[in-house]
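We just call them A, B, C, D and E in the order they show up, numbering each chain from 1.
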Amino acid sequence: MILTVKDLHVSYKNRKKNSLKYDEKEVLKGLEFSIDENEIVGLVGESGCGKSTLAKALLGLIKSKSGEINLNCKHPQMVFQDPYSSLNPKKRISFILEEPLKNLTDMTSEERRKKAEWILGEVGLDKEYLDRYPSELSGGQRQRVCIAQSMILGSDFLIMDEPVSALDVTIQAQVLELIRELKIKHKLSILFISHDLRVVYSLCDKVMILKDGLIVEQGDRDKIYRNPQHEYTKKLLKSAGITI
Amino acid sequence: DKAAEESTITVGIAQDIEDSLDPHHAAAAGTREVLFNIFEGLVKPNSNGELIPAIASEYSVDEEGKVYTFTLRDGVTFHNGEAVTVEDVKASIERNAGIGDGEALVAAFSNIESVDTPDDKTVVITLATPDTDFISNMTVAILSADHLDETATDPIGTGPYKYVSRSPQENIILEAYDGYWGEKAFIKNVEFKVVADPDTIVMNLESGAIDMFPRVTSVQASQLSDKFNVLEGTMNLVQAVYLNNDVEPLNDVRVRQALCYAVDKQEIMDFMADGKGTAIGSSMFPSFGKYYMEELNDVYTTDVDKAKELLEEAGYPNGFDLKITIPSNYEQHVQTGEVVKEQFAKIGVNVELELVEWNTWLSDVYSGRQYEATVVGVDASTLSARALLSRFVSDAGNNFINFKSEAYDEAYNKALASTDDAEQTKYYKECETILTNEAANVYIQDMSELIALNKAFTGYEFYPLYAQDISKIRPAD
Amino acid sequence: MNKGKKNINLILGLILAGIAIIPALVGIFWTPYSTEAMDVSLKLSAPDMRHLLGCDNYGRDILSRLMAGSKITLIIGIGTVFFGCSIGTMVGALTGYYGGLIDNVLMRVNDVLFSFPSILLAMVFVSLTGAGNLQLVIALGIAFIPSYARVVRAEFIRNKNMDYVMAARLAGASNLRIIFVHILPNTIKVLVSSILIGFNNAVLAEAGLSFLGIGVKPPEASLGSMLSDAQTYLFSRPSMVVYPGVALILMILGIALISKEIK
Amino acid sequence: MIAILKKIASAIITIVVVSCLVFIAFSVIPGDPAVAKLGTQATPEKLEALRIKMGLNEPLLKRFVLWLSGIVRGDFSTSYSYSMSVNSLIAEKIPVTLILALYSLIIMIVISIPVAVFAARHKGDVIERTVTIINQVIMSIPPFFGGILISLVFGMTLKLFTPGAYVSYSKNLGAFLAYMFFPALALALPKAAMAVSLLYTSIVDELKKDYVRTAYSRGNSTKGVFYNHILKNACIPVITFLGMAIADMIAGSIVIEQVFSIPGLGRILLTSIQNRDYPVVEAIIVIIAALVILSNLLVDIMYRVIDPRVGRSNE
Amino acid sequence: MSLLQVKDLNIEFHDHIIPETVVYDFDLEIDQGEIVGLVGESGSGKSMSAMAIAGLLSRHDMTKRGSIIFDGTDMLNCSRDKLRSIQGDTLSVVFQEPMTSLDPLKKIGYQVGESMMLHRPDISPEDRKKRVIEVMSHVDLDEPEKLYDMYPHELSGGMRQRVMIAAAMAITPKLLIADEPTTALDVTIQAEVIELLKHINRKHNTSILFISHDLSLVRSLCDRVLVMQQGRIVESGSTKQVFEHPAMEYTKKLISSIPKVEIDDTDC
């Protein structure tokens, strides 16, 4: 098991209008799941159900209220939902890619540069992109850079938060292909977040359905797609036009 | 004069009355010149610099100069209509002398031993030591005895104008007093209007917002249209670079003399007022005719070489650094400072001008005496030479230049003691000469005073004291 | 955006600011005449070949004083902005990034400062410390801190929840590194425009203080003090008002145009 | 509502902090009010007597407590230089400055909105560029100089008013308002220029937004789109500026009052600083700070009124 | 005659030094009651063409050539007043972004009723409100009376999109242009909006131009499909024909990039 989660609760504290008190909004209400080595787990749910929150909580970017997260991976990485805001607009691609190496390893600058060139090749980009700024890249290229940055440390667990939803259909297909390849080549475990059941089907080994802060259904891909148990899963499948 | 009955004049003043409307507590020259219209003393000055009887119709002094006897004039009333009584006079003078509560408001009054009222027309003032000059202090305002404490907010006097209202930083409004005993004012309503920004004076005059402004600069005067007459008088003050006689190197008479030789008074006047003004050489200005010594003006004619020589003698062949502290609100002194800086530079004295607020000046320079040199003008509060000369006595409280000269103290005391006018004048002149020879200060000028007056008015009179006598002004035909 | 138009504004701005600033830069090293030497014979003399802009009421060469005055104005403007901006940025960055108690405390202080209009603050400060260029710079600088702090704080709050900051954190960057290496460069754009606006405000505020008589020390001059001094000659020698006025306007206008384009 | 109450509470705290700072600042700075009052007549004995009379010999803390408790009761004690209570001194002046500031606020708004809309509608034209340039020039003029120019042009040349002929509002309200128009204009113009450029940028930003297209698609005329939809949205970023503008106008009135000979708070403040008349200075600064804080509070409330999103979503 | 006839539409931008043509020779006909789909990758010119048809492209720095005849009016050459009288009346648009296409400061009710206010000035405000609430309930918005006084930010994306549709339907147009009305929405809501459009089409016989890059949606909704690539229409025909026998490489690529869910084959 690379990741096990037990009874995870996460809530946002907010000051609501007309009130002096903090208003606590519980987004995740007791999740329980695990992810195996070299496995892609799909996380599906409607917008705002807490998918991104879960991702950030798993990596400690936001505090969870209670529960247990066991992550057997040194530097877990994440590909953020929005390829436009997840790259620092003022930094060149080379800086962005080398940042984890600079902070967490003691490589020399040549070594870092080499590694950056290599990882860029892995995601199918030319090394000339190293000297560009994010604004000079298309959405698909940005998403590749994000993926590259998340992989440069060679960590074996990644979270990908809707990595393709902002992209064009044709580019979507390319990125999905890339993820498939990388998983096999680098023996990655991935938590893949999406709201597109088709995409999830085409990529993941296991699927979890999140609704109202709870996982309403989880299991092998085929089992869920063929034989959904929960009403919500059925509704999702139906509206996606995946009829049984 | 009936037509003038309802006439109005608006007089611009640069500063509001910020000390007090109570003439006994008012200190600023700008306040005194406004209050001049409201209050009178037993005697009052006229435009020739003579004291004429006012609330008193006549007075006499005994031989020795110790007992002053005043007879009240008939029919003098306060603005509230009540007649002036000997009690009022007694109360007013005792208040100034601090009889009753100790502290004299005016230094000279501490000499008063008693104020007596033998009958309801006579006031007798007895001095502790003889003083023939004491009468010049009797211009002090006479206030109503039972209104003393309210004067600051509701001034009631006996002058040609009575107080109507004021609005801080806006105006002070006066109205001609019908019951005035003397020659009544021509103009019924007077508004003293505060014009705080000197750059708007010309505009205010031209636009008709004000009819008169005392003390415009020559630049302002030159910009006025022919709607205005510009009257020229003198400011009656001693403008000088006052030197702290106590600090190095100004404690050396040669250094002070060198500075005197370095300045070019004419150049200063040229820069500041197109040559207007009167050069002076000691602490006395021309309108004090009797005491004024024109010859002192030429003791130090501009002579850079001589100045350098003196400096060398004194051990400063390369000059020295000098900080001149100037109150920033007096533009003319600042300007003078700027010119002086250049003139001193020619003899190697390197001047730094330090502009300070009036208050800082008062506390650091005037009271604290923590300064090297300053440029200001010193005026006289009474029509007496003493008003100008007393401060240079070694232990005088207001000897802010730390001047010390035994000869001076001696001459001054002799002047005080003498009962003979000619003799007294002689001693005062001796004092002036000592100031000049000792180069106590770098004397510059008695500045010219330009009055801008709308041609609709006429009759303005200059006084040798700070006074704007509106009662003499009348509409022109 | 239309490139052509952009360049015209930028070039115009550069030219205008250049006209105002180059003489000031030259003025640091050289002026045609001494800025303080007086000469009665030249008092208020009209322009001629030797004194291109004529002389002032002390017979001092106006061109020379204009150059020196521009220099002082520039120094005060830049000094003020530098002072206010560096402290304001620090305050804004820390409060914006960390939030919580620091934010509350510093922002309250900021509010207090902010509730004193800048000219008032400067007046009080100068009356405490006396006049002088350094005092002026500090006084105006303090008065301008809150505006920078606010701008930077808002940018930090906006940025700190952006995904790239989270990514940097995942990449092992420390808080200080995130503040200075990652977020700060992203506030530059906003900062530059408020720096330029701040410069203009500083120059105008200095002129205002000179007008109130608490600006630079004579005989030193700034454009503001020259302008306010020359008002006396508004009717007789309007050109004396025009020169510093135009220089001031050119300087501000030029820099404003440039700042617009940088935005 | 509670959010607003909270804002009010924090505003009050700020005012209190400001008052304390002001009092402490003026207690520790050099400069003796007694010296100021006595001027050249000062002698050590007289000074001492006056200090006792003014209460300056009391310990600082006691004076502070006295002063603060006075303020809480709305009593700002007595002016040193004017023989009257600070309250009555200031009460007379506050309306002048306030009306000047409000007047210029109105002028600013009345000028800037149509001009900004006009410029935005002609974006890219010569008109727009002319407006921008004029705007920039106006912003570059020091306020006092602008005031002098206005007196010169409208007063001396066009004779639309008499520079310096201020009439008190208590005497003749009409004449007062007529006179105040030009000072207010002088105060408003640079701010109006600023507002135009902000509003213009904001409108241009709004123009790019999708809802504008929606409005057009429903058959709105250009004017309808501008005034019905864009303007309100474009004003939101400008409101913050409004708060600052009010503060600037109150401060700017110090200078403008000087130029136009208006006896308002600014004039009193200036002379009181010179005279070390601390009760007056303290009172005025506290009042100005309170006005600024108050106007910021109003701006905050205005946000809530104009923008339904504020206060309902989190920051 | 058909409701809308577009011939040889070309759109060219001039805001850069070299003029840029973004739509070439665009041809389109829509009959009354027909639903036509327009698909293509991002930036292929779908929105531009649609905006041109709706008369919403009127900037100085662009030119349009060709002809657009809508309901007998020449949309490219008629007066602005004429254009305005059509916009929001017989021709309405639902925009791509429901989050930003509503004026954030106007109440929902105002925005839904705006076109009615502009085009039917004779309807009294009370009647208008009644009708607006009616229209809102037609698009399945719950509690329309309450919604009437709410602001856009208080609504979810799906609700906003419904509001947009309600606003477009307020005075039953002849042609509804829907520019990617579902892209920003959740799958479940997407399906509902498609149902809604179908319903409107059936009930009012409104023609719909449906723009999307989601081929599966187009497939389930439209009668006819046009495929655009780089400003040109590369393929057109009935939905069935295009999806089952795509003629162009590009179309094939588009269709193949829909992730497949092959569950149907297995037994269940």
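Methods note: a contact is a pair of C-beta atoms (placed from the backbone, for glycine too) under 8 Å apart; a residue touches a chain by one contact, two chains touch by 3 or more.
It should be emphasised that the depicted structure is a prediction, and the values quoted were computed from it without experimental measurement.
Which neighbours does subunit B have in common with subunit D?
The common neighbours are C.
Going only through chains that touch each other, how many steps at minimum separate subunit A from subunit E?
1
What chain sits nearest the middle when you go by CA atom centres?
Smallest offset from the overall C-alpha mean is found for D.
So which one's got more C-beta contacts, D-E or A-C?
D-E
By CA centroid distance, what chain is farthest from subunit C?
E
Between subunit B and subunit E, what distance separates the C-alpha centroids? Give it in angstrom.
Distance between chain centres, rounded to whole Å: 89 Å.
Could you please state the distance in Å, as a whole number, between where the Cα atoms of subunit A are centred and where those of subunit C are centred?
Chain centroid spacing, subunit A to subunit C, equals 48 Å.
What's the distance between the Cα centroids of subunit B and subunit C, rounded to whole Å?
So the centre of subunit B lies 44 Å away from the centre of subunit C.
Provide the C-alpha centroid distance between subunit C and subunit D, rounded to the nearest whole angstrom.
22
Residues of subunit D that contact two or more other chains, please.
Within subunit D, the residues that touch at least two other chains are 30-31, 124, 148, 152, 258, 270, 273, 312.
Where does subunit B touch two or more other chains at once, residue-wise?
Answer for subunit B, listing residues that touch two or more other chains: 199, 329, 357, 360.
So in the complex, the part of subunit B that touches subunit D is made up of which residues?
15-16, 18-22, 27-28, 103, 107, 152-153, 167-171, 193-197, 199-200, 203-204, 206-210, 329, 357-360, 362-363, 366-367, 397-398
Residues of subunit E touching subunit A in their complex?
Residue list for subunit E touching subunit A: 41-42, 157, 186-188, 190-192, 213-216, 220, 253-254, 257-261, 263-264, 266, 268.
State the interface residues of subunit C toward subunit D in the complex, per the touch definition above.
2, 5, 108, 111-112, 114-120, 123-124, 127-128, 157, 200, 204, 207-208, 211-212, 224, 227-228, 231, 234, 245, 248-253, 256-257
Can you check the complex and tell me which residues of subunit A touch subunit E?
For this pair, the touching residues of subunit A are 46-47, 168-170, 172-173, 176, 195-199, 201-202, 222, 225-227, 235-236, 238-244.
Considering the complex alone, what residue numbers of subunit E touch subunit D?
On the subunit E side, the touching residues are 51, 54, 56, 60, 84-89, 92-93, 95-97, 100-106, 111, 114-115, 118-119, 151, 153-154, 164, 167.
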